[in-house]
Amino acid sequence: MNSIYQYFRAIWYGFSSLWKGMMLTGHYLVHPKKILTQQYPENRDTLYIPERFQGEVVLPHDENNEHLCTGCTICEMNCPNGSIKIITRSVETPEGKKKKELDEWVYHLGLCTFCGQCIDACPQNAIKMDNSFEHSVYDRKLLTKVLNQPGSKLKSAKK
Amino acid sequence: MQLSISLLEITRAIDSWLNSVFHPHLAYGIELVLAGVAVILLVVAMAILMVYAERKLAGFMQLRLGPMRVGKWGTMQAVADVMKLLLKECLTPTNSDKLMFRVAPFVVTIVSFMTLVPIAFAKGIQLWDINIGVFYITAVSSLSVIGILMAGWSSNNKYSLLGAMRSGAQIVSYELSGGLALIVVVMMSGTLSISGIVQAQADGWWIIKGHIPVIIAFVTFVITSTAELNRAPFDLAEAESELTAGYHTEYSGMQFAMFFLSEYTNMFVLSMVAATVFLGGWMPFHIAGLDGLNHFMDYIPGIVWFFGKTFFILFLIVWFRWTFPRLRIDQLLKLEWKYLLPVSIINVLFAAFIALMGWYL
Amino acid sequence: MTKEELKSYLEKTFPGMTQEENIDFLVLWVEKDEIFEVARKLKEDEATRFDFLFDETAIDWQTHFEMVYHMTSTTYRHDLEIKVKLEDRDHAELPSMEPLWKAAEMYENEIYDLFGIRFSGHPHLRRIFMSNEWKGYPLRKDYQDDDVISL
Amino acid sequence: METNDIKHDEFVINVGPQHPSTHGVLRLELWLDGEEIIDSKPHLGYIHRGIEKMSEALGYKQFIYLTSRMDYLSAHINNQACSLAIEKGLQIEAPARAQVIRVLMAELTRLASHQLWWGALGLDLGAVSPFFYAFREREMILEIFEETCGSRLTMNYITPGGVVNDLHPDFVRKVKVLIEQLKGNLHEYYQLLTGNVIFQARTRGVGILSAEDAVSLGCTGPVARASGVKCDVRKLHPYDGYDKVEFKEVLNDKGDNFARYWLRIEEMKQSIYIIEQLIDNIPEGSYREKLKGIVKLPAGEYYQRVETARGELGVYLVSDGKKEPYRVRFRTPNFSNLNALRPMMKGAKIGDMVSMMATLDLIIPDIDR
């Protein structure tokens, strides 16, 4: 008798548990307001991107086309993947001294893992992370960028 | 006045026009082709609609939107999928049994279309009102397992073979209680013909009139038809997390689309059978004695009633699929042999008793 | 047992074996031939019961290999590090710990794969990470990769 | 077992490296007799990147970012382990604020990881919907990470000497919202899977791992705890102030799939409890002790154990006094948890294989490194 009772109890338990699960999916079916999907390209304007989001490394320039990078290559040494290459040139200052200056700040976006160690290490705070995230291109060569703008120079120290 | 009658008149008009133009034998042939094409087109269109509806429903159940890109609200998504599958190459594995590999999708599709023959869509809209309609459907639908076994065997893929073997064991065993569930209603109606069963429900659907035994039979039938369709939670034959795609792992392009189409056609047929047998087919909602209500219900055309009921059962099946986890093969067979079959057998006895005594509601 | 108790106990049980202490563990230096017996004793001794081998690795000191076994006891919760020096880098071989701790099977496979140390008595020594045809043992310090691809 | 040993009716199938249920590129060779599994053998190395070798060429601060790529679902905890090992070598300790932030982040990581596991378990067993419900809360956690750390999966936030950034001003509020929602939604987990009769049939009494086997095979984390082995590093060797918070080490002695499932759900509740204790008591002060540009550890060896979402992660650093570590060894939890698969799978069905792999919660990059 007990086994028959157990048999029907199992059937009842099975059906009730299945019904509970169906009620949950059914609940969400009739509550379309709870849908979480974001329609990406359409919602580009309202997309929330936190300001700390690490998209790519940029070298900010001010209105005089001046940046803060001295070409010390500390970022290059700190980069674990070798995605940064600093090319320097030596120029002669008006006083006649030879001085190293940034020539090209080469950034391989394709190698970058966005660990942020270059920004962390930079003694001048010359570079920072940008929020842009739409990086896809059709040619790998386009992923290698030169960050300093043509004709830019080091911001002269305030006197 | 009623759409079901007007549809009947249209078919009669076509029949008399064809007979007046052509030789009666030729006219009969043309009628057969026309009717077949009409039903197949209807079902294919329904299947495409169903694919879209299922994806949307699944999306809403899972806090998603479902397809949204092709057409307004993604309405053309299923059409786009069909186009893509049509244009894709049908690959045949090198070491497969090539003839069987190519025949298998046709077997499955043809079988699923054959089961459409005795279904009554509305009053008079029926391809062939044979007097063994229910028997015909159960007999023919079990043929689809042959196509699945052929596909699994000929692919020369161990995953496919495992899937096909699972499917074979599953369909063969679940047919038993599925058949027993239908027998309950057959006994009460006293006929195997589909139109006869529908007529027997003129003063109340069996699920209401036949109370407990028919409700049990209905639940059993829904479970077994989900199992026979190889749909979740009984989708062991294709269990994508275990066997990648089961018996149709090696199929691509249109051959795959035919398996897909046959799955949806089978879904339709079994829902239509359930709607006909348990929920009164195209018969409007009637309660014996309440003539006012019955008369009012008759204003809604039979075809609306029929597809309404069909879609209700389809919705149930879709709902199951997106809620439940999958059973294991031994549990699946245990469910059939230890729960469904004993319950169905006792239920048949109970129903026979009720039918003999005439204890209907 | 605390570190000190364990230290005195080990001195008593294995006289003559060097012990040292680093920031985390007590280190027991064992000769290559005795390692299996020592490990078996440590595991089966009721007072120590080192039943959990949680790490096994090797270090390539260019002149020799050093095998490192980290073990702990789930009953007493004391840890021990055993070190073995392997002088012969080309034909380094050690008894397998698999009969004592089943976990050692995979660790030893890994060490064989990356360092080339062989383990006698191992049920199925194979290269688990690198392909079977791979030349050289990558974690050795003198490993040279011939075909470096740079982007 | 070798291919030659196959008897008449048996056959071999390869599960993976591309298979939906292996969650990555693990390849299992299965010997089958019909549906029954006779033996299995894992083949690894499909995502072996040589992190240990790469670390030998990088500085102490630099190699930490690689560890985020091992167990990518416990990225914070991996970084924490390396940072702690380096701090041990430098004999410094992170400021109190940084320690609390680390614990908070670690517990949030554990929650996120367990949620992904829960969803993927449902997916493996054929239920698709749990995946999306699990991702709803996981998305909130990832958003919190994104705001504070700047990225969602491989954060590289915890660094020797503290953490890289201070907490985002919105952090506390968002975590509180998350906890409220999680508490409300845990009963949905019960409705959808835990109580479900099919789910119970699939997990109860399946894939039993005995306590002796768990110890001998070196299993840690929820896998071993579900067999009744006490192995929570947070309790045994507390780090970063885990000894100051109150929580329970969840244990179960059944050792089957359901025990592992239940244990992870309970662990999520414990994580919520830890976060609740700390969220209002984050001490003020500095969040980072700035280290020198080039870190050099004194010669010697340092071993640091932490509890990731999957078990015990050991970081073994051997230094010879140079600016690069001489040898780095990661004792990863999944590598030894994988051992449990073979004894569990003997005599099971193919369908069980899937549920066992799901409850072991294997992350293949963590096995291969």
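Letters are used for the chains, namely A, B, C and D, taken in the order the chains are written, and counting of residues starts over at 1 for each.
Throughout what follows, a residue touches a chain if its C-beta (ideal position, glycine included) is under 8 Å from a C-beta of that chain, and two chains touch if they have at least 3 such contacts.
As the structure is a prediction and not an experimental result, all values here were calculated from the model.
**Student:** Suppose chain centres are the mean of their C-alpha atoms. Which chain sits farthest from chain C?
**Tutor:** Taking each chain's C-alpha mean as its centre, the farthest from chain C is B.
**Student:** Of the chain pairs A-B and B-D, which one is connected by the greater count of C-beta contacts?
**Tutor:** When B-D is set beside A-B, the one with more contacts is B-D.
**Student:** Round to the nearest whole Å and give the separation of the Cα centres of chain A and chain C.
**Tutor:** Each chain's C-alpha centroid was found; their separation is 41 Å.
**Student:** Please compute the C-alpha centroid of chain A, do the same for chain B, then give the distance between them in whole Å.
**Tutor:** From the centre of chain A to the centre of chain B is 51 Å.
**Student:** Please report how many Å separate the Cα centroid of chain B from that of chain C, as a whole number.
**Tutor:** Computed from C-alpha means, the inter-chain centre distance equals 64 Å.
**Student:** Quick one: chain B and chain D, Cα centre-to-centre, how many Å?
**Tutor:** About 46 Å, centre to centre.
**Student:** Among the residues of chain A, pick out those that touch two or more other chains and give their numbers.
**Tutor:** In chain A, the residues touching two or more other chains are 18, 21, 24-25, 36.
**Student:** Find every residue in chain D that makes contact with two or more other chains and list them.
**Tutor:** 129, 136, 192-193, 196, 198
**Student:** What are the residues of chain B that contact at least two other chains?
**Tutor:** Residues 61-64, 322-324 of chain B each touch two or more of the other chains.
**Student:** Going by the contact rule at the top, pick out the chain A residues touching chain D in the complex.
**Tutor:** Interface residues on chain A, with respect to chain D: 13-14, 17-18, 20-21, 23-25, 36, 50, 52-54, 74, 78-80, 113-117, 120-121, 129.
**Student:** Under the stated contact criterion, what part of chain B meets chain A in this complex?
**Tutor:** Of all residues in chain B, those touching chain A are 57, 59-65, 68, 319-320, 322-324, 339.
**Student:** What does chain C use to touch chain D in their complex?
**Tutor:** Interface residues on the chain C side: 22-25, 51-55, 57, 59-60, 68, 70, 74, 77, 81, 101-103, 105-106, 110, 114, 127-131, 138-139.
**Student:** Using the touch definition from the top, list the residues of chain A that touch chain B in their complex.
**Tutor:** Residues 11, 18, 21-22, 24-26, 28-29, 32, 34-37, 39 of chain A touch chain B in their complex.
**Student:** If you look only at chain D, which of its residues touch chain A in the complex?
**Tutor:** Against chain A, chain D makes touches at 58-59, 61-63, 65-66, 129, 136, 139, 143, 146-151, 154, 156, 159, 164-165, 168, 188, 191-193, 195-198, 293.
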